[in-house]
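Presented sequentially are two complexes of chain A, the first with chain B as partner and the second with chain C.
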Partner chain A sequence: MFKTIKHYGRVTLENLKMSILTTLEYPANMIGWLLSNPIQFLIGFATIQFVVAEFGTIAGWGYGQLAFLYGLSVISHALSMIFFVQGWFMGFYVIEGEFDRYLLRPMNVLYQFFFTGFNLIGITDLIPGICVFVYGCIQIEFEWSVYRVLAILALLIGATLIRGAIYLIIGTTSFFTKSVNDFGAYTQELFDKTTMYPLTMYPEGVQLVLTYLIPIGWVSFYPISELVGVANGRFAWQGAIWVTLGVGVLTFLVAALFFRWGLTKYESAGN
Partner chain B sequence: MNRARGSAYFYVYKTRILKSLAYRFDVYGNIVMQCITMFASAFFWKALYAGQETVQGVNVEDMLVYTVMSSLMSVVFMTGIERRVMQSVKKGTVATDMLKPINLFSIYFFEDLGNMTALIVQNMIPIFIIGSLCIAVPKPVSMEAFLLFFISLIMAFFINWFLAACFSMWTFTAINMDPMLQVKKHLIRLLSGSIIPMWFFPDWLSNILNLLPFVYIYQLPLDIYIGKYETAELLPRLGIQFIWTVVLFGVFQFLQSRVTKKVMVQGG
Partner chain C sequence: MAVIQVEHLVKDYKIAKKGKGLKGAVKNLITNEKQVIHAVRDLNFEIEKGEIVAFIGPNGAGKSTTVKMMSGILTPTSGQVLINGKNSQKNRKEVVQDLGVVFGQRSQLNWDLRLGESFELLRHIYQIDKKQYEENLEIMNDILGINEIINTPVRQLSLGQRMRGDLVAAMLHSPSVLFLDEPTIGLDVDGKYAIRKFIKEINQVKGTTVILTTHDLGDIQELCERLIIINHGVLIEDGPLNELIDRIAPYKNLIVEFYDETCVKHPKAELFFHEENIGKYRFMKKDITAAQLIQEISEQIAIKDVTIEEATIDDIIRIAYHKE
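The block that comes next holds the complex of A and B.
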């Protein structure tokens, strides 16, 4: 058991090294994204802030609290891009027969799928996320404590796992449809609109769906509203931060099981 | 343009419509995406306007019409030229495109026009029905406003297309354009008033933005449509829009004559 973990650890480290080298090989690409992603999120937040400042509040959230929500949401988005972006491209892996390679190697297929390459371009999302988050902290005069640091770490882990699980579930459908439909843009649009704004601006039916059916509400809205102490609607739970961590682990487990089942339907289509 | 050439362009246009009609998933995916954006914006405005009548001279009904119309207009502004050029430079098919006895960029223009025609049928109508039923029926304030809107929309279409075309010229020399395309997409989305109109921005910023071409893609036609300005106020704005259309056409012509000379074919 211990030996296996050590082995996986070493392989991960080696993969990470390779990813860094590959990324550095194409500096122009990295610089391009370094421009593009911060523009998207910084200007994106600025426009929202202008409107909310003009109106006062939205669903009880001021723009400082909104910055806090938006910033943490972009950070968990960035983390999910670094570790789990492959889920978006599952269709290509299935069509190209890439899983043949993974199936032949003596390691867990899901592990290989996610961690053969790290998407270091995701770091370019992390930068604007941290900027907006820090701005939010200053605006609402967020008081730091050991408990709060742990809480933020827990909610980021939970949120990243929920995002990764949803990418994986959507990606796994490619085993059944055997098509290269790229759901990435749609997934991101859905996440952007639901995790960067207060969920309570949507009707209760939508809130209910996003709490229990598709657990997007837990990615940012419930844990953060508890952390900054704003009203969070009918479906909120006490201790939402720790619930988020639980929901993250649970949805990821469900996604992994679905993936394993989908893998049995895999037939090599490549070559 | 002589007749043979005219019919060649018409052929490109027609083939593109048929091709677009064949890609089912893209169509449904796009409708879903547009609807997510449209509904999110609608609820965003409803939540903001809770307890307020008018802000910046606009009420919530106007904003909902604005939102639905913006989604409908986005269908007209989808351009395939950047990706088309990028792929044909990468694969080397741009060489065979250039051998054809008709203008390269005119082919791309008619392809985009064909795409747009297919999208109007496949996307605009469903989005119109969904938007009208669930959010607001996008009625113009007056017949006169509708006519002016239409004129402005045509100029907006050309501004948007020339911008995309100028952008695609870069691809002839630079290789990976993906991040740059994203930059352009975000700038247009955020600074053109497609989601949030300029009136809510601080004055210094909206004054700068009024000088850039972006606001003349979404904001001006939409302002006209919801009756934000008097006709007298509109004319200078339409004037600037016209100037931008001409300027971008000039830039496009200039770049076009230069860039095709130093195309760098990758594959082939």
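The block that comes next holds the complex of A and C.
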């Protein structure tokens, strides 16, 4: 067990090193993303600011609270981009036979799929996330404590896992459909619309679906509403932060099992 | 014990039956008829330690599918492959630890970085002991001159250099079995020569068992003691190259040029062509040697010139492919 962890840890470090080297090979690429990604999220936040300025609150959430929610959402989005973005491109891997190589190496295939290349470009999403989050903290005069730091860490891990699991589940369908779909655009759309605003602004039917069927509510809305103490609808749970972590681990396990089943349907590519 | 045992290996693919045109497309949506393609049907063979085996067949014969099942990439519909006694699906990680695989048409090297980085990563993935790793690189350098290109980014390597890189990458962890899928495809004469030399040497030095698929008959002739031919997913030949030649083409042709139009017959050779001063004889190799035949003919009539025709490996393979 210890040996296995050491093995995976060592390979992860080596992969990280190679990802850094690869990113440094193309500095212009990084600069391009560094300009475009933050702008995208800052404009998104500006929209919220406009709505709040016009109407006062959104579903009972004030301006600072919304910034807090938006900021943490973008941070977990950025983390999922760094670690799990490959899920978006699963169709390509399936059709092009890219899993061949992973299947030929003596390590877990899912581990290799996600961690052979770290997407360091994802860091460019982290910057606007942290900016808006810090801004929100100042606005609502968020009181920091050891417990709250741990809670936010747990929340981010859970949220990142849920996002990763959903990318993985959607991506795994490629094993069955055998088509090259770029899942990026519409998963991003789905997450943007549901994690960056209070869920209670949607009808209850939608809330129900996003709580139990697709557990997106747990990515940001439930745990953060508990953290900042805002009303969060009738489907909320007590201790939502820790539930988020549990939901994250659970959905990821389900996604991993689904992936494992999908992989047995893998047909490689001609020659 | 055999290094590789292939037992009753079967692979079926289901593909949707496609109707023609718009009408067919709409019908497909409703009926969703599936057609089963039998890519590999009940394949059985064993490969012993240290063999170099050519695994050949026409395009679409099921070669790649079989190699992919042997190396654990594809799950067989039924049957199994044992490598060193272990099932390549159930014990994938253990099996691949002792397996090297090179696909001529794709690379496992990191395109953006210098070749050496890919090797370093593999060292960690396969947990190769540092000393062993350096020793292996040294051996590879002796055979393939890998040190010349180890600091070059992979994207700047020529196809031949990249192929050398891929071979080294596949052998770093000293696997006992090496699968090569069209390793010489697209290479120039020097490139092919280097690859063949490499295969021969690692086979001799390390006792590596090598299975290669190829369309290059030079590869087969230079490397392989044994041929496995499959077509339509069925094994049609399995044996040494010489035996196959003797069986498929047990005869030679002797073409004799005489001084005039007279010609003689011979009891052990069939005169199947005679025009002007040229006579063509076909004789069985087991009945008589060419030298004997020439001597016996020349005792009766003066010979000006002779040519001996033998079925080339191309002919043999073509005949084997078309055999039912």
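Before moving on, here are some points about what is shown:
We take it that the second predicted complex is superposed on the first by the 269 of 271 C-alpha atoms of A that agree within 3 Å, B and C clash if a C-alpha of one lies under 4 Å from a C-alpha of the other, contacts with A are read in each partner's own complex, and residues count from 1 in each chain.
Throughout what follows, a residue touches a chain if its C-beta (ideal position, glycine included) is under 8 Å from a C-beta of that chain, and two chains touch if they have at least 3 such contacts.
Values in this document were obtained by computation on a predicted structure and should not be read as measured data.
Looking at the shared chain after the overlay, A:149 reaches neither chain B nor chain C.
With both structures placed on the common chain, the touch criterion links A:202 to chain B but leaves chain C unconnected. With both structures placed on the common chain, the touch criterion links A:51 to chain B but leaves chain C unconnected. In the superposition on chain A, no contact is made by A:231 with either chain B or chain C. In the superposed model, A:138 lies in contact with neither chain B nor chain C. In the superposed model, A:18 lies in contact with chain C only, and not with chain B.
Of the two partner chains, neither chain B nor chain C is touched by A:257. Counting residues of chain A touched by each partner, chain B versus chain C, the larger count belongs to B.
Shared contact residues of chain A with chain B and chain C: 26. Interface residues of chain B facing chain A in the complex, by the touch rule stated above, are 25, 29, 32-33, 36-37, 40, 43-44, 46-50, 52, 55-56, 176, 178-180, 182-183, 186-187, 190-191, 195-196, 200-202, 205.
The touching residues of chain A, when paired with chain C in their complex, are 7, 10-11, 14-15, 18, 21-22, 25-26, 97, 99-101, 103-107, 264, 266-268, 270-271. The touching residues of chain A, when paired with chain B in their complex, are 26, 28-29, 32-33, 35-37, 39-40, 43-44, 47-48, 50-52, 54-55, 58-59, 179, 181, 183, 185-186, 189-190, 193-194, 197-198, 200-203.
Here chain C touches chain A in the complex through residues 13, 64, 68, 71-75, 92-94, 96-97, 99, 101, 103, 105-106, 108, 110, 112-113, 117, 120-121, 124-127, 181-182, going by the rule given at the top.
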